[in-house]
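What follows is a set of structures for review.
In the two assemblies presented below, chain A is common to both, partnered first by chain B and then by chain C.
Our next item is the complex of A and B:
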């Protein structure tokens, strides 16, 4: 629809509409003398036509480029991975053609003495624990920073800071902080008279997961807190005032006002947290590289190792297991959220 | 103020100061040790250096190939973010405005990618087929593809808060869909779009996995990879490692402080509506 078309509104049309309307008004045409009224009627009609033709205003081709890139570089490799997981693809065979081996790769994964299943359980463990130790403190931290507090802008900035740093950097810095003899952690403990708490933070099998969870919390809490803060901002103060008049204390207000109003942010944090946890790689790779022994291997570190040793079939099979887990969880989350209208 | 209030405030401040120290001390340690000699830095003290060795920075720029890394990171982050966020916004806009059945399906199809892991092993294969092995274009395309689900998801819900009437006005004024989108709607989506730009810029800058799988040439390494390699070879030179770290994180910290307003206010756009 061009402006010319509109400016050149044919007189005939005006006439016809006038006539038509005048007929309906039973011959009393005095109010129709005002051309603005007709003008408006005409443009209303045009707008209606325009909105009906949404496919034209919101053209489908806007979606094509991202869709192609997403398909070729994201979904297609995943699908290809499922295919290759049933073959003997490796550094050696890739030249001589592939052979189907059925479920052999999966059987190998479950029965291998390298204990890939431990990597699987570690992934689940990391996802659960890392989210609990981040989301709950972040929630209360957000409430704290949403209350009357001097310097809260400064604190928000500082707490968010770690989540913008590269994992590699965080890994390197904390492997220095956790080193037994010269590390800042043990030195501080000795300095304040808690020397008996000194640990081999990253090489003691009983300590290493706790260290990883701490570093992960150090990095991630600020981001989660910020999402909660954005949610807390939208809660109307009058709700709290009403609750106070009814005599509600901190916990009652939390239970009956804050938590119900924060369903959205909690959901978002759970979704991002779960997907992050299942796909975790960088922080473990840089901090422990799966060690000591294979204590902290997760699915993705094994996928990378198998890629490095050229066992592509096994590697893609393991990745396919991860894909299946995330797909199931993803579909459940999307279903639940779309039913509650949180996605649309 | 009652006594109880004052007491509460003191507790709150103590908690916040303690947590701030937990965040800031490691960063302070990195910065202060980057100015020390090798021997002094190895002790990892928090004290000031006895002599300030500014030349660590010059040395490390020469030794660690930081300039190439910086240029690569800049290219990857800027190009991938600009293109990725813009095309995601276009898609999210159309999908959100015109919710016919196909488009709803497409939307779910996009956001399912939030959950999936990228299969880098087969991606290497796809790169061979498309002759993208060891090219910047390939790496950029992978970065774009992996930011699409998040951006579509974040922008989609924000589009609703842009009134439809502006579209109608633009259409009546004779704008083509592209003109309408870029002159009218895109500027009105600024809060969420800027948030996506910042988050994705930092995401690409910090990414480690993509270049780890997809580039075997150190010419293509971004800063994170360059730092990691340098760390692997020079573990005893903490002064250099820390100087390297400072140089790597300065760009993201600058972007963070420029865009902070948007991050705090619009981290998840419309999806926080409770």
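Our next item is the complex of A and C:
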């Protein structure tokens, strides 16, 4: 950043930048410094940081063990999966032998009578919406539970608890809750005179996704909230005090203090959320098994079905497509985050 | 690194979790109905059975004679040298519902007799197929495993190459404990690999509340679709919420209405099964099949399956019957006793054939869960001893006596069967000439593996997402894929 870069920043933003540097360089600068002085200190700090990094040299062989584990348990099976996606591997292979079929499995996936593309779009849809309905409420919940709320530790625990429950248990419980005739949801609605709101929660094509997102949010919000809480705890109160002195209200503080300082936790939650969304399986499987009909099929439920019917080649081809999508999105996120320094 | 890990983990999670799929089917819990005539034969001394010349009919007739006890009474003895296996462990991989507690006493005696331990690994039905496939592929299969077998290639379809994975039991003493119809489900390329000990009660016919029918003035059970619709309307108008209980959430039940009436599809073309097995016919465009699917949808649209049959499972079926919130459901004969015993209802129950498509055919099904020995086992002799032990009269009687939900075992051994009066009554109404064609999922190749897919498609059809013919086309496409993988020359 040039000296000019420091000029014209709102006071709160300037404060954050200088405070950050001040912390990292032993408090030699003070906030609201002249931009030119600030630039000089900033340059000193960068040189110092480079020196420190230079001194942080560990023996290279430290990396060997994790590398071996990574190669054997991650990369090799993944590469093998990609290889098998170009073969006719099936349960009949032991009888008929394994043959290279080129792109045939991929062609079959796109031309099959089964609507794999619907599974693909459902996966994208789940990834986008599940992140929206979890991250935004979790963010505000974290802010709320980071305030001077009475009993906040209790609430934190309560909100976090669902995330430690196994999906199978959640599936059984919510299948029962969502049952049309005997489920708690419809019974409660009827009991309080809202019987007209009764729904076929898991069997109505127009309702099933909403039910899935609700259960997923119920389970996931607590976990995301915890990451946000950890981030919020690192924000110095004096930043908010300074902003308040400048007359900032809740939304201004959110915009100029909280959000910039929470870039890291937000990105981490996004990365986790996107990878979770793309490989979603459990929640769909336990609640609807892809139904009603094929309404909630995602890529992984199709992978599961194909594997179960012994079409391993086709199954790994679909999995490879999922890998490619995840990799592309992952690379984009890494690039964006690296540029912003979030992964530094 | 974090991202790489996450991405790779996601791939692996996909790979790892991709163990799975369609597993359960009607036939996973269905038994041989081919021999149901035997119930009549042995209990009411009715007509000796079919005079049809079809192959399947001979199966039925043999089964009749076998269970009537009028022919062979095969007596198998347990292996005598009791010390040779001491300390060994025998592992068994089985799907839920195939052994349950029925084998507990027999396994206990086996352990006591030979000083061994038996580890039974019971897997949920919907995961079983995937776990078995994975175990076979990885060489980690337990000593004994089960599959849902049938006489039309289920062994090859489920196991791939039985010679590679299965112990060859050819010539075993216990082979003739099974009726020949069942032996066909255990033999591949002339070699005996499996043992099928299963019951032969009427399976997945309509079980109905006879008392309720009488009270509503329904004196005759419906034998045509129109009569069924008329009765359903009468029942619904009387205030019964779910005239026909259809647990769509189970994922494997709605298909029964289509597949259990296999014989009706052969009325226009007696060679239909052969044609389907030789790729000379398709499900798609079959008029009778389309008719049945459309009838099913009509009943769904008219609300005769209840307000939310797609989201309802069968957990509460007994109570639904007892509370009279339902009047009928596709179930096994033994279910009647279960309703009465578990709920204490005083209502009487009966059975009739599924009348979709004006069906009058009996759901003959010489298929069932079948036990195989894993060729890679280190305890081959112990496996053989176990198979032999299970086939002794004492064990068979014990297995039946410990099976409250089954009234008989379809074996050529003199044991005391427990036929129900309702079974006798129902079988007396069945036209013996309509027992010669097996149910569709057992009589045609590559069909049963796509049971769950077909069910999902039926629901999609009922919800208006696809057409009836699409449901059938999908089955054709799935069968073709399977046939191609099997290297079936008829599809190449």
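Everything that follows uses one rule, which is that the second predicted complex is superposed on the first by the 270 of 344 C-alpha atoms of A that agree within 3 Å, B and C clash if a C-alpha of one lies under 4 Å from a C-alpha of the other, contacts with A are read in each partner's own complex, and residues count from 1 in each chain.
By our rule, a residue touches a chain if its C-beta (ideal position, glycine included) is under 8 Å from a C-beta of that chain, and two chains touch if they have at least 3 such contacts.
The model shown is predicted, which means the values in this text are computed figures rather than measured ones.
S.K.: Comparing chain B against chain C, which has contacts with more of the residues in chain A?
M.R.: Of chain B and chain C, the partner in contact with more residues of chain A is B.
S.K.: Is A:264 touching the first partner chain B, the second partner chain C, both, or neither of them?
M.R.: A:264: touches chain B, not chain C.
S.K.: Going by the contact rule set out at the top, does A:92 touch chain B (first), chain C (second), both, or neither?
M.R.: It touches chain C, and chain B stays clear.
S.K.: Does chain B (first) or chain C (second) touch A:180, or do both, or does neither?
M.R.: second
S.K.: Contact-wise, after the overlay, does A:305 reach chain B, chain C, both or neither (first, second, both, neither)?
M.R.: A:305: touches chain C, not chain B.
S.K.: Which of the two partners, first being chain B and second being chain C, lies in contact with A:151: first, second, both, or neither?
M.R.: first
S.K.: Please report the chain A residues shared by its interface with chain B and its interface with chain C.
M.R.: Residues 70, 73-75, 77-78, 81, 182, 271, 275, 278-279, 281, 300, 303-304, 307, 315-316, 319, 322-323, 326-327, 330, 333-334 of chain A touch both chain B and chain C.
S.K.: Taking the complex as given, what residues does chain A use to touch chain C?
M.R.: Answer in residue numbers: 70, 73-75, 77-78, 81, 88, 90-96, 112-114, 175, 178-182, 200-205, 271-272, 275, 278-279, 281, 289-295, 299-300, 303-311, 315-316, 319, 322-323, 326-327, 330, 333-334.
S.K.: How about chain B: which of its residues touch chain A in the complex?
M.R.: 9, 12-13, 15-16, 19-20, 22-27, 29-30, 42-44, 46, 87-88, 90-91, 93-95, 97-100, 103-104, 106-108, 110-123, 125-126, 130, 141-142, 144-146, 148-149, 152, 157, 164, 167-168, 171-174, 177, 180-181, 202, 205-206, 208-209, 212-213, 224-225, 227-228, 231, 238, 241, 245, 248-249, 252-253, 255-256, 260, 263-268, 271-274
S.K.: With touch defined as at the start, can you tell me which chain C residues reach chain A in the complex?
M.R.: Touching chain A from chain C are residues 2-15, 17-23, 126, 129-130, 133, 137, 156, 158-161, 164-165, 241, 248-249, 251, 306-308, 310-313, 316, 449-450, 452-453, 456-457, 459-461, 463, 465-466, 473-474, 477-478, 481-482, 485-487.
S.K.: Would you tell me which residues of chain A are touching chain B in their complex?
M.R.: So the residues of chain A in touch with chain B come to 1-4, 6, 43, 46-47, 50-51, 54-60, 62-63, 65-67, 69-70, 72-78, 80-81, 84, 141, 144-145, 147, 149-151, 154-162, 164-169, 172-174, 176-177, 182-184, 187, 218, 222-223, 226-227, 229-231, 234-235, 261-265, 268, 271, 275, 278-279, 281-282, 285-286, 300, 303-304, 307, 312, 315-316, 319, 322-323, 326-327, 329-331, 333-334, 338, 342-344.
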